[in-house]
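In what follows, structures are represented as structure tokens.
In the two assemblies presented below, subunit A is common to both, partnered first by subunit B and then by subunit C.
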Partner chain A sequence: MTAHDELLTFLTTTLGPSGVLCDDVDIARYRIDWAGAQGGIPLAVARPATPEQVAEILGYCHRNDIPVVPQGGGSGLVEAALPDRDTPELVISLERLNGIRHVDPINFSMSVDAGCILQTIKDAAEAEDCFFPLTLGAQGSCQIGGNIATNAGGLNVLRYGMMRQLVLGVEVALPDGRLLCDMKALHKNNTGYDLKQLFIGAEGTLGIVTGAVIKLFPRPQVTRTALIGCPDVESVLKLYAQSRRSCCDLLSAFELIPRICLELAIEVAPDLPDPLDEGHPVYILMEVAASGPVNLDGMIEALFEIGIENGWINDGVLATSDHQAKQLWRIREAMLEGQQRRGEHLRTDVSLPLSALSEFHHRAQLSMEETSPECTVIAYGHVGDGNLHFNVLPPPTLEQEAKRSLLHELELQLFDIVAEFSGSISAEHGIGRAKQAPFLETLTAPEHEIMRGIKRQIDPRGMMSPGRILPATHD
Partner chain B sequence: MKVLVAVKRVIDYNVKIRVKADQSDVDLTNVKMAMNPFCEIAVEEAVRLKEKGVATEVIAVSIGPKASQEQLRTALALGADRAIQVLTDDPVDSLAVAKLLAKVVEEEQPGLVILGKQSIDADNNQTGQMLAALTGMGQGTFASEVVVDGESVNVTREIDGGLQTVKLSLPAVVTTDLRLNEPRYAKLPDIMKAKKKPLDVKTPEELGVSTASKVTLVKVAPPAERQGGIKVGSVDELVDKLKNEAKVIS
Partner chain C sequence: MTAHDELLTFLTTTLGPSGVLCDDVDIARYRIDWAGAQGGIPLAVARPATPEQVAEILGYCHRNDIPVVPQGGGSGLVEAALPDRDTPELVISLERLNGIRHVDPINFSMSVDAGCILQTIKDAAEAEDCFFPLTLGAQGSCQIGGNIATNAGGLNVLRYGMMRQLVLGVEVALPDGRLLCDMKALHKNNTGYDLKQLFIGAEGTLGIVTGAVIKLFPRPQVTRTALIGCPDVESVLKLYAQSRRSCCDLLSAFELIPRICLELAIEVAPDLPDPLDEGHPVYILMEVAASGPVNLDGMIEALFEIGIENGWINDGVLATSDHQAKQLWRIREAMLEGQQRRGEHLRTDVSLPLSALSEFHHRAQLSMEETSPECTVIAYGHVGDGNLHFNVLPPPTLEQEAKRSLLHELELQLFDIVAEFSGSISAEHGIGRAKQAPFLETLTAPEHEIMRGIKRQIDPRGMMSPGRILPATHD
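Right after this comes the complex of A and B.
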């Protein structure tokens, strides 16, 4: 019996026949992600249904030197969850480990299996008059385990923080097959090294998250959504600072949308509104939410008056119903689709101090246009978090090879400017494989040493998602 | 020509309705309220008539508690010129609303009254028709197109299996259907201006109308919860269940 046959026999015995997939047709969907990136052919796809099964599989792979890669909903953007193209890996999909374990509306916490779809969690919270704030475009398909492994961000970070701030406890299957269980639903716990934080954002390189205790919040009862037209990015940032003050820090989203994104969105969904009479250089999609009777209209109106007076605001609309609010948010979703349709482009996820963001934006735009005058810069993002998706569409006429090298050059150029402004090359998407080279360049010697040490300590044989974040070790 | 638009405050259509524990009514505590979607369409149509130069003034009217002034302010922000609130905390049925509106019509003498075909809370679809009967005006219900032509109005109606166009002499009552138009967004500068537009408050007593209802709400119950589906192991089991449990085949 070959090692591969033995693996399949082990998996079938452990998980039952429906827990293992190896047919080409069945595994096709585990080889492609939302962005269309294609992975290699895996050894098999294992679909464990309990945390113990996950641990058992890892133990087997540890003993037999079989590389594994965990997979959630497949909406990652840095190719961390796709099976390797050169070395066949075992894909472990958490999709069958998908139960809500317990909701505690007094402790404002919920414990869940890692494979729970984010939307399911949000619905379960709402049923108990609570709110789980993580909000992403992919929430209908992404899994909480993936959100934890990638330290997901999204639209509500401004008010509630990233995934790292939303986790109270984790349960992790370690590379050697043991289960690390830290599922205490504690809001305060100051006992030594905070191990769970190590696994959050580790992109599956230190183990597989099988369960978590997450933090809940009171459910917002009143929400106001506005689309505001502004003259430039600098005004947007001034308006942001004022918004937090005028709206008593009840701001839950503050999204920058340049005019071109609105047009891309309408290209995809022609029924979308272009609600302001004239086009404006940049727009802000902003949301204010409160869990009790607060006069949000009054706050927004006061903010608007200040904004107009100072020339930060040109014009704006306020959604008068949830339907209108949803339509405004659809602009934000459809513009991503519109961008996707334009084919291969430079996609970045940079983070900057808010006070440097306007100057960075200006400098980066000039630099891109200097190198490639026909390219189109699309810079949008969660400006409230200092997070800018500074993307560049190459000239459509360019040949594939030339396009690739141009995009690569532009990326290097952009990351240099990011470094100058003391920014980060990955605000929320992570490193995976796609951002590894520039990431390693920014690491200082002590940082590099500690990261390698942690990896070696927890995964000595280097079988957990090898080659993601840090290069694979061959020894 | 004056255009009068009726506006109702209802639960926002996106809100999941909850019934009070004692089943006496729908639970409205802390629930998001908005303008009835069909009324939004009515306001939009009136404002468009004004923009076309057909209407000279748009007056929004709402009957309900003080909070319904929010919806009137929205109507003003969307382009109505002034608003009238008939203030009452009592529940009002369609007939009482129609009687109150008839009084407002008598005072204002509009050339056209536009209402939503129904409100999404009670779904009665009565007020427009009752108002027409009480005032003796012609009615064009479920409108998908409204064209004012001199002293008359052509109303295209959505009816079973097609469209019907009726010609009414003015003044007339029109009720709106979903496809009449797409309501606009309230612009922030207009929201500010709307605060300064006139909003008159009247009471049913001042209008000489009794709101006492002849209808009593006995009980409100949520629809039966849907049973989850099951997976069957074989075709035989499926056929057995369809025959003996669901009783859809014999």
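Right after this comes the complex of A and C.
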């Protein structure tokens, strides 16, 4: 028997026939991701149904030097979960380990399997009059284990934090085949090094999250959405600081949408009304939510007054119905589709101190336009977190090769400016393979050594998602 | 020259004469902590004034196998910062590295030196109409570096999180003498393993925090304080769940105070009025705060109505003036003093899932009283976080030796019950030396191995706060 045959026999024995996929057709969907990137042909796709099975597979692979890559819902954007194109890997999909273990509305917590779909979790929370705040475009398909492995962000970070802030406990299958179980539903626990922090955001390079205890919140009873037209990014930032004050920490979203994005949205959905009478350079899509009786309308109207008085707001509309609020949010969704339709473009996910964001935006836009006068900058995003998706559409006439090379050049240029302003080249998407090169360049020697040391210690044979975040060690 | 002389020469050359203390009288205050514990005689007390000096001292000690222990404000409760009683250590006090580097009210962040006093930071935030939420009894003397090293908790955790959630960046002097600088003022940053998480809560065993970027919030403009009498702990927990909903995430404190604590407070401060007409088994001291115009009184009155209707509230008072609010908070302070006056007692800092807290409380009280019928249980604390200071006053007539042995027995008994309910033996105080034995017992093999591995990797010679959290490796 070859090593590959032995692996298949082991998997079939351990997981049963439905737990292993080998057929080209069956495995096709594990080779592509949300962004359309294509991975290599894996050794097989294992579909364990219990945490113990995940651990058992890892132990086998560890002993036999078989590289593995865990996979959640496939909505990652940095190729961390795609099977390697050169060295065949075993894909471990968490999709069958997808139950909700326990909802505790008194403790405001829930324990779940890693393969549980985010939307399922949000629904289960709501059924107990609670709220799980992580909100992403991919929430109907992404899995909580992937959210934890990537320290996911999304729309509500400014109020509730990133995934890291929402995790109380984790259960992790370690590369050597043991289970590390830290599933206490505690809001405070200061006993030794907080090991769960290592696995959150490690993109599967230190083990596979198999379960978690997550935090819940009171379910919002009232939500208000507004679209605000502003003269420039500088005003937007002043408005944000005022909003945090006026809205008393009840602000749940604060999204920057430049005029061009509104136009892209209307291209895709021509029935979408241009919500304000005139066009404005930038817009803010703002949401405020409360779990009890608060006069949110009064709060937002008072904010509008201050904003107009100070010249930060040109005009604004407060949705008066759920339907109207949904229409405003449709702009946010449709603009992404509109962007997609324009074909290959530079997509980034940078973050800056908010106080530097306006100048950064100005400098970066100038720099892009200097290099390529016909390119179109589309900078939108979670501006309340200092997080900009600073994207660039290349001139439409450019041929493929020239386009790729231009986009690469623009990216390097942009990352240089990010560094000048002490920003991050990856606010929420992570590193994976796609951003490894620029990431490694920003690391200082002690950071690099400590990261490598942690990897070596927890995964000494380098079989866990090799080549993601850090270069592979087994090559 | 002896090794000790060489060290003193090195320190004097590096820090100047005022940067080194050796005299018995001068070093006395570095040998005791808040709880009155007494440490050994250190090799010297070094008082560096820059991050680079801290790093330089660590490098020297690393090369010369000299154990070091960093010290903040000395308000730790687990003997982590006290100099060892057997092996003389070099104390590194951060007290001269105490500046505020930069306040950024637009980015809601501040960068500070590690030795900066917490109250100084809170004042600097307020001067910019911002708020730094960490609130502790020791805030007038504790240092932010110590708060970070211990992942401090306190009164406002239920709304703002523990110290870990309030840190955006750290600067750390590593045991080998290099500076790790991760001082970006970013609210989101997903680039590789989040190394700062290792140093937060490590109690100085992995390096010395020399600076940090911390998060700020809008300054509350309106604050309301209420004292509520409740029939039992079960009702308190139901009231808490309702409060989170009714008060819309604006709840900033929710403290459990049993009747006995009110009596202890009045013992110390006889002028304190018993705030409600009758006595009640347990009280809640509650605070709600908002940074903008919200009708907090209406919110709390509505909560009172629901609470009374459901039998969770017997009676309550909402402070109508700042003076009255302060009087209510004085109960919280005076009761600690009253407890102190009763002499040596069992002090714990446990946490439980809130849904288990009432049964835990009941079981633990019974168990204590079974072992020592004349003991007095005083269980109070941050009940909104599931955090109880479950303390026990021994029978007053007991002689010293018997008292110590009883308290030790009660502690073991209590920790067993904590384990049964999947709780933590240290919610916020940490491990240090004082809780090492029971802590090590709760660790699983993989947890223990990973913690030891991290320690070995970052501090291979074991010179950084040896014997705290984990047993010393250089012995």
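The rule is simple: the second predicted complex is superposed on the first by the 474 of 475 C-alpha atoms of A that agree within 3 Å, B and C clash if a C-alpha of one lies under 4 Å from a C-alpha of the other, contacts with A are read in each partner's own complex, and residues count from 1 in each chain.
In this text, a residue touches a chain if its C-beta (ideal position, glycine included) is under 8 Å from a C-beta of that chain, and two chains touch if they have at least 3 such contacts.
Remember, it's a predicted structure, so these values are computed and weren't measured experimentally.
S.K.: By the touch definition at the top of the document, which applies to A:L276: first (subunit B), second (subunit C), both, or neither?
M.R.: The first partner, subunit B, only.
S.K.: Quick check for you: in the superposed arrangement, does A:V68 touch first (subunit B), second (subunit C), both or neither?
M.R.: Neither partner.
S.K.: Which of the two partners, first being subunit B and second being subunit C, lies in contact with A:F304: first, second, both, or neither?
M.R.: Only subunit B; A:F304 stays clear of subunit C.
S.K.: Quick one: is A:T442 in contact with subunit B, with subunit C, with both, or with neither? Answer first, second, both or neither.
M.R.: Touch partner of A:T442: subunit C, not subunit B.
S.K.: Just checking: does A:D315 make contact with subunit B only, subunit C only, both, or neither of them? Give me first, second, both or neither.
M.R.: Touch status of A:D315: first partner only.
S.K.: Scan A:L285 for contacts with subunit B and subunit C and give back first, second, both or neither.
M.R.: neither
S.K.: Contact-wise, after the overlay, does A:F217 reach subunit B, subunit C, both or neither (first, second, both, neither)?
M.R.: The second partner, subunit C, only.
S.K.: May I ask you to decide whether A:V54 touches subunit B, subunit C, both, or neither, giving the answer as first, second, both or neither?
M.R.: It touches nothing on subunit B or subunit C.
S.K.: Looking at subunit A, which of its residues have contacts with both subunit B and subunit C?
M.R.: On subunit A, the overlap between the subunit B and subunit C contacts is residues 292-293.
S.K.: Using the touch definition from the top, list the residues of subunit B that touch subunit A in their complex.
M.R.: Residue positions touching the partner: 12-15, 30, 32, 34-35, 37, 40, 74, 77-78, 184-189, 191-192.
S.K.: Give the list of subunit C residues in touch with subunit A in this complex.
M.R.: 104-109, 129, 150-151, 153, 157-158, 161-162, 164-165, 174, 178-182, 184-195, 197-198, 200-202, 217-219, 237-238, 241, 244-250, 290-295, 298-299, 302, 351-356, 382, 385-387, 422-431, 439, 442-447, 450-451, 453-454, 457-458, 469-470
S.K.: Considering the complex alone, what residue numbers of subunit A touch subunit B?
M.R.: 221-223, 226-228, 273, 275-276, 292-293, 297, 300-301, 304-305, 308, 313, 315-324, 326
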